[in-house]
Amino acid sequence: MVRFECDYSEGALPQILDLMVKTNMEQTPGYGEDVFCEKARELIRRECQAPDADVYFVVGGTQANKVVIQSYLKSYQGVLSAVSGHINVHETGTIEAGGHKVLPLPSTDGKITPRQVKKAVEDHGGDHHCVQPAMVYISNPTEFGTMYTKSELEELRKVCDQLGMPLFLDGARMGYGLASPGNDLTLADYARLCDVFYIGATKAGALFGEAIVICNESMKKDFKYNIKQNGALLAKGRLLGLQFLGLFGNDKPFYSACQNAVDLAIRLKDAMSDLGIKFMYDSPTNQQFPIMPNNVLRQLEDKYSWNVQEKIDRDNTCVRFCTSWATREEDVNNLIADLKKIYNS
Amino acid sequence: MVRFECDYSEGALPQILDLMVKTNMEQTPGYGEDVFCEKARELIRRECQAPDADVYFVVGGTQANKVVIQSYLKSYQGVLSAVSGHINVHETGTIEAGGHKVLPLPSTDGKITPRQVKKAVEDHGGDHHCVQPAMVYISNPTEFGTMYTKSELEELRKVCDQLGMPLFLDGARMGYGLASPGNDLTLADYARLCDVFYIGATKAGALFGEAIVICNESMKKDFKYNIKQNGALLAKGRLLGLQFLGLFGNDKPFYSACQNAVDLAIRLKDAMSDLGIKFMYDSPTNQQFPIMPNNVLRQLEDKYSWNVQEKIDRDNTCVRFCTSWATREEDVNNLIADLKKIYNS
Amino acid sequence: MVRFECDYSEGALPQILDLMVKTNMEQTPGYGEDVFCEKARELIRRECQAPDADVYFVVGGTQANKVVIQSYLKSYQGVLSAVSGHINVHETGTIEAGGHKVLPLPSTDGKITPRQVKKAVEDHGGDHHCVQPAMVYISNPTEFGTMYTKSELEELRKVCDQLGMPLFLDGARMGYGLASPGNDLTLADYARLCDVFYIGATKAGALFGEAIVICNESMKKDFKYNIKQNGALLAKGRLLGLQFLGLFGNDKPFYSACQNAVDLAIRLKDAMSDLGIKFMYDSPTNQQFPIMPNNVLRQLEDKYSWNVQEKIDRDNTCVRFCTSWATREEDVNNLIADLKKIYNS
Amino acid sequence: MVRFECDYSEGALPQILDLMVKTNMEQTPGYGEDVFCEKARELIRRECQAPDADVYFVVGGTQANKVVIQSYLKSYQGVLSAVSGHINVHETGTIEAGGHKVLPLPSTDGKITPRQVKKAVEDHGGDHHCVQPAMVYISNPTEFGTMYTKSELEELRKVCDQLGMPLFLDGARMGYGLASPGNDLTLADYARLCDVFYIGATKAGALFGEAIVICNESMKKDFKYNIKQNGALLAKGRLLGLQFLGLFGNDKPFYSACQNAVDLAIRLKDAMSDLGIKFMYDSPTNQQFPIMPNNVLRQLEDKYSWNVQEKIDRDNTCVRFCTSWATREEDVNNLIADLKKIYNS
């Protein structure tokens, strides 16, 4: 069975495991106050050209989303998100469990517009019977693999400034976005345009880990308390430092690892297109959402795994194929060959 | 200024004030454990033909919604509601503040269908990354003045039974529904078809008060703890008993008071229709949602008040006119006359 | 049965009922934005010599405590309180339900000291594994009827200033404190020394109502959203305005009504002392906590009601007798006479 | 610098790292549904002689505590804990953030008694103004290194049965308890006597991980939803399986690793006692709490690290020295030698 169902089917890049083995018996303080974390934070600040940013590491994306949003919002405030946003549909209501409403904005491609943000405030702002929109959450790449361009992000930044609202960007798959042919953003752009964002490592070659980068001075205070309260303060915090040291240290394998995934995803996408397969979303990143006949899927299911995204009709299903830093070229080539065989028979 | 902006612009029916004055210096225990509450509960059980129901009184609808929903849901469960449901838009996120997600279902008339409930469970049920739909919330009449018929309610009941989900009905304006020409339900029907519902008194002639009627045996336990925790346990609970004694005692003024409102609302609706005014929702109850030219509204605004529901375009606005138990016939007649004058000039 | 079990056994002062009856059919906007509330707020600001204070009305004390504390605290912060504080023991965990820890300080008389506040910060301040003390909650009179003096309150104020922590005072029984022979405080002192406090009306002659007075500028913003979110925004808010108009309008019956209660409580206390009865707490207010033999209590229980505070041993119980604005002199005299009969036989 | 400040200063046992390296590129499903987790669960069930137990893995103890407690308690219920319990003092209020009150019981040695549990229920049970005690939380070894005996645990079990309350045992340092000379319990005993407990790996030789063992049938349902909601569902869940495979696989290094720590702790304790040093708590496990003169500590602080537990007076401090699976014999011997030098000079 070759797995394309997600981008976290394997362990970690060998560089990271090496670092862990090498430093295993060194003694450090706990909770991220060790020298590995310190170095990793420094590397990230440099990569983001954000020397004053605060950087915190947590294990996963749901933790990152919960901690950032809960740290900022007051009890009667909510966070704007595409209706398809991860916080709105795939975190078992963790934001609501923290007392806050996710305010969903309609979206067909996973993205939201400055106009929608403005309208939400016009519609409900100042009415004490309504949850007040107070933060904008976006993910890039989105849950559908689509991407914001730099100019779109700048427009969102502008409306956030006008409304006095922070822009929070979920970068769980940021590495795959940076490697995309559709990308015109850098980590430095993210740091310049977001109040707070995170760089996902779990899906980009590490065992786990998301680096939260806080650029807005007013959001820095007391952040660590919220990490601890949410059970997100790893005792052996050094492990998180080591993940990011591995990714952003020598040769920065973060970039090359993600490039591998995107190249193979595009190869798969192109091959599928050639066979006449349509896509639900036009993704230039490592997630692809083809709409395929169920009888084709049945012929593949013994050799490959994927995710079901949505039933289209009785005979067709939109599925998700993910590549990752660990995807092997030959596996993609085999899948393409198998597809061709089915379609051309 | 004659107020049509809401149905709680005045105090209470004289019968209720009389009761309060008459009993003022009697000593009773606090927290609803007095003889007035006991009698009122008995009257309500009888009216609902539900001798085994538990009845609790709280001051307002937001309290009722919060307490009922929070009492039932586990942390990872959510409540299905029309997107326009009061709990989803007009309670400043009180359900989320209690840790639960409101799962909004699209709706153009304030109502939801059994099919939508089923689909929500099919889409997300059993996936531990998603909030689990676990309760159905409806209001009748809805926030748009529309109504469920008995057969529609029976269909919802059926799907709730199939899915093992309680049906919770917000009856903040139930009295105006019962008095509507479009109504085919009785309090006994509500008690038969809902697991839990409440009878609103605040908008139906009392100073305040909602009577929560719990019909489902399994939802009764320890309900009072949740009332207290939510700050909804009135020290002088007797006052709530007196409101309902007034409404359901001699001659049951609850019904006649609401009839007055609905009759006048229909008179206004018919007159408006005759003038060619269109309505956003086809409401047979005490709330009417005409779409009116802004220049007409400007000519009325010194004499009458109403609520803005939604801007339609640059020149037209959907507004809400409410009548109530306290609305005077002459005020409605004057409004109609003024409208005719404007439209016929 | 004559009730001494609490101070909310009756309805309201006749002045208040009169106001309600007189204004019953006047139309006003809802939610406390009416002219009665406006006037009541003005009276309270004047009485407190706090022309810039924000004043909000809610129905009960648990609501007031929840809304004030939740409005101020961040998620990782807690509120310091005497272990016997109402928020710590008698509100079914409403503060915790809002996500915040009550940090209990040991106390035998219901009061806390500046030294304890300081120590709590010294012990836990700055440690991100611990809830951070961030607000001081006291009640005056306390749950045991004891009182802070002006100089004690000034010392607490000082330590709060040093620590940058607001002082929140629960005045559910403030009226009975002001009427006490042990009192040296005025409403103006409370406004000067507290960041936020409330004046209880429920127990002091009104049907319900607590007036929250916010003196600290930085705590005013968006307070109303929290009121609504907690189900504490009364639709017919005018009723709350009328309660306080009644109490602080002509002749300010708030003061005289409470004076009656305290005078009778002291009379009862003195008579009990003369009979050799000891008290658990030395209360100069309307709550008295005598320790009485169970066999004496048994002889009284058909004619009088009280609360059990605590079992002392097999034969003796500490009970609470409350007087109120509505307590009749003859009932206290009869109780004293009955006690004398029992003790002297 | 040799670190005795905590028991998580190093990485992991080599067996665990080996497993991780060996399996690194194997593909598995995420979220703990992989074969490594399945095997690890099986090993734990066998070790606990609890073939029907549900076993879940989370990364840390705060997560374990939060998920277990939140899964079980209703909104108005609280959890009984020693005042020194980890959930009461060292988790930044995570239980309260989830809406529940920790009900602290006085304790000088970190343990609570069946009598205290009973009294808590007698004092508050059934009063709807009070949080209802509904779960018992204990840790073993406690936060002070002390231990419950088997018979003490059986007595707690008995009272829990009588009161219909689950017993939840925090085993963050369980391994060090099992290795203690004062121990008479086995994992099978824990499984027999607790409704739910967890086996800590973070402090016992793994990189991270706590294995939650649910023995009570009624607590099993839907547990995974709560894990996800709390951000505690590791994407690469296999890593948690591998930690426990390492600890409970060949030769069960869990036991031997912990034995090393306890042996060295006792050696240190005995040596300190011989020098006349007194201890705050009489701990037979890997944490020792000597009370030492500040001037002695100053002479050690360049070579060794420890935690400050509590200031005793101007000249003396209670400190915590921890040994762990990774502590080297020579480091303990050196510390002892240094102490002797200081004390004998």
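The first chain written gets the first letter, and so on, giving A, B, C and D; residue counts start at 1 in each chain.
Convention: contacts are C-beta pairs under 8 Å (C-beta built on N, C-alpha and C of every residue); 3 or more make two chains touch, one makes a residue touch a chain.
For clarity, every value in this text was computed on a predicted model and none was experimentally measured.
Colleague: Name, by label, each chain that touches both members of the pair chain B and chain D.
Modeller: Joint contacts, listed by label: A, C.
Colleague: If I average the CA coordinates per chain, which chain comes out farthest from chain C?
Modeller: Most distant chain from chain C: A.
Colleague: For chain A and chain B, let me know how many angstrom lie between their CA-based centres, rounded off.
Modeller: Taking the mean C-alpha position of each chain, the two centres sit 42 Å apart.
Colleague: Just the number, please: Cα centre separation of chain A and chain D in whole Å.
Modeller: It comes to 33 Å between the two C-alpha centres.
Colleague: Take the average of all CA coordinates in chain A, do the same for chain C, and state the distance between these two points in whole angstrom.
Modeller: 51
Colleague: Counting only residues that touch at least two other chains, what does the list for chain B look like?
Modeller: If we look for residues of chain B contacting two or more partner chains, we find 75-76, 91-93, 97-99, 128-129, 225, 228-229, 233.
Colleague: State the interface residues of chain A toward chain B in the complex, per the touch definition above.
Modeller: Residues 75-76, 78, 89-93, 96-102, 104, 128-131 of chain A touch chain B in their complex.
Colleague: In their shared complex, at which residues does chain C touch chain B?
Modeller: Contacts found on chain C: 1-3, 5-6, 8-12, 14, 17, 20-21, 23-30, 59-60, 62-63, 66, 91-94, 97-98, 202-203, 207-208, 225, 228-236, 238-239, 326.
Colleague: Any idea which chain A residues touch chain C in the complex?
Modeller: Counting only chain A, the residues touching chain C are 70-71, 74-76, 98-99, 128-129, 132, 222, 224-229, 233.
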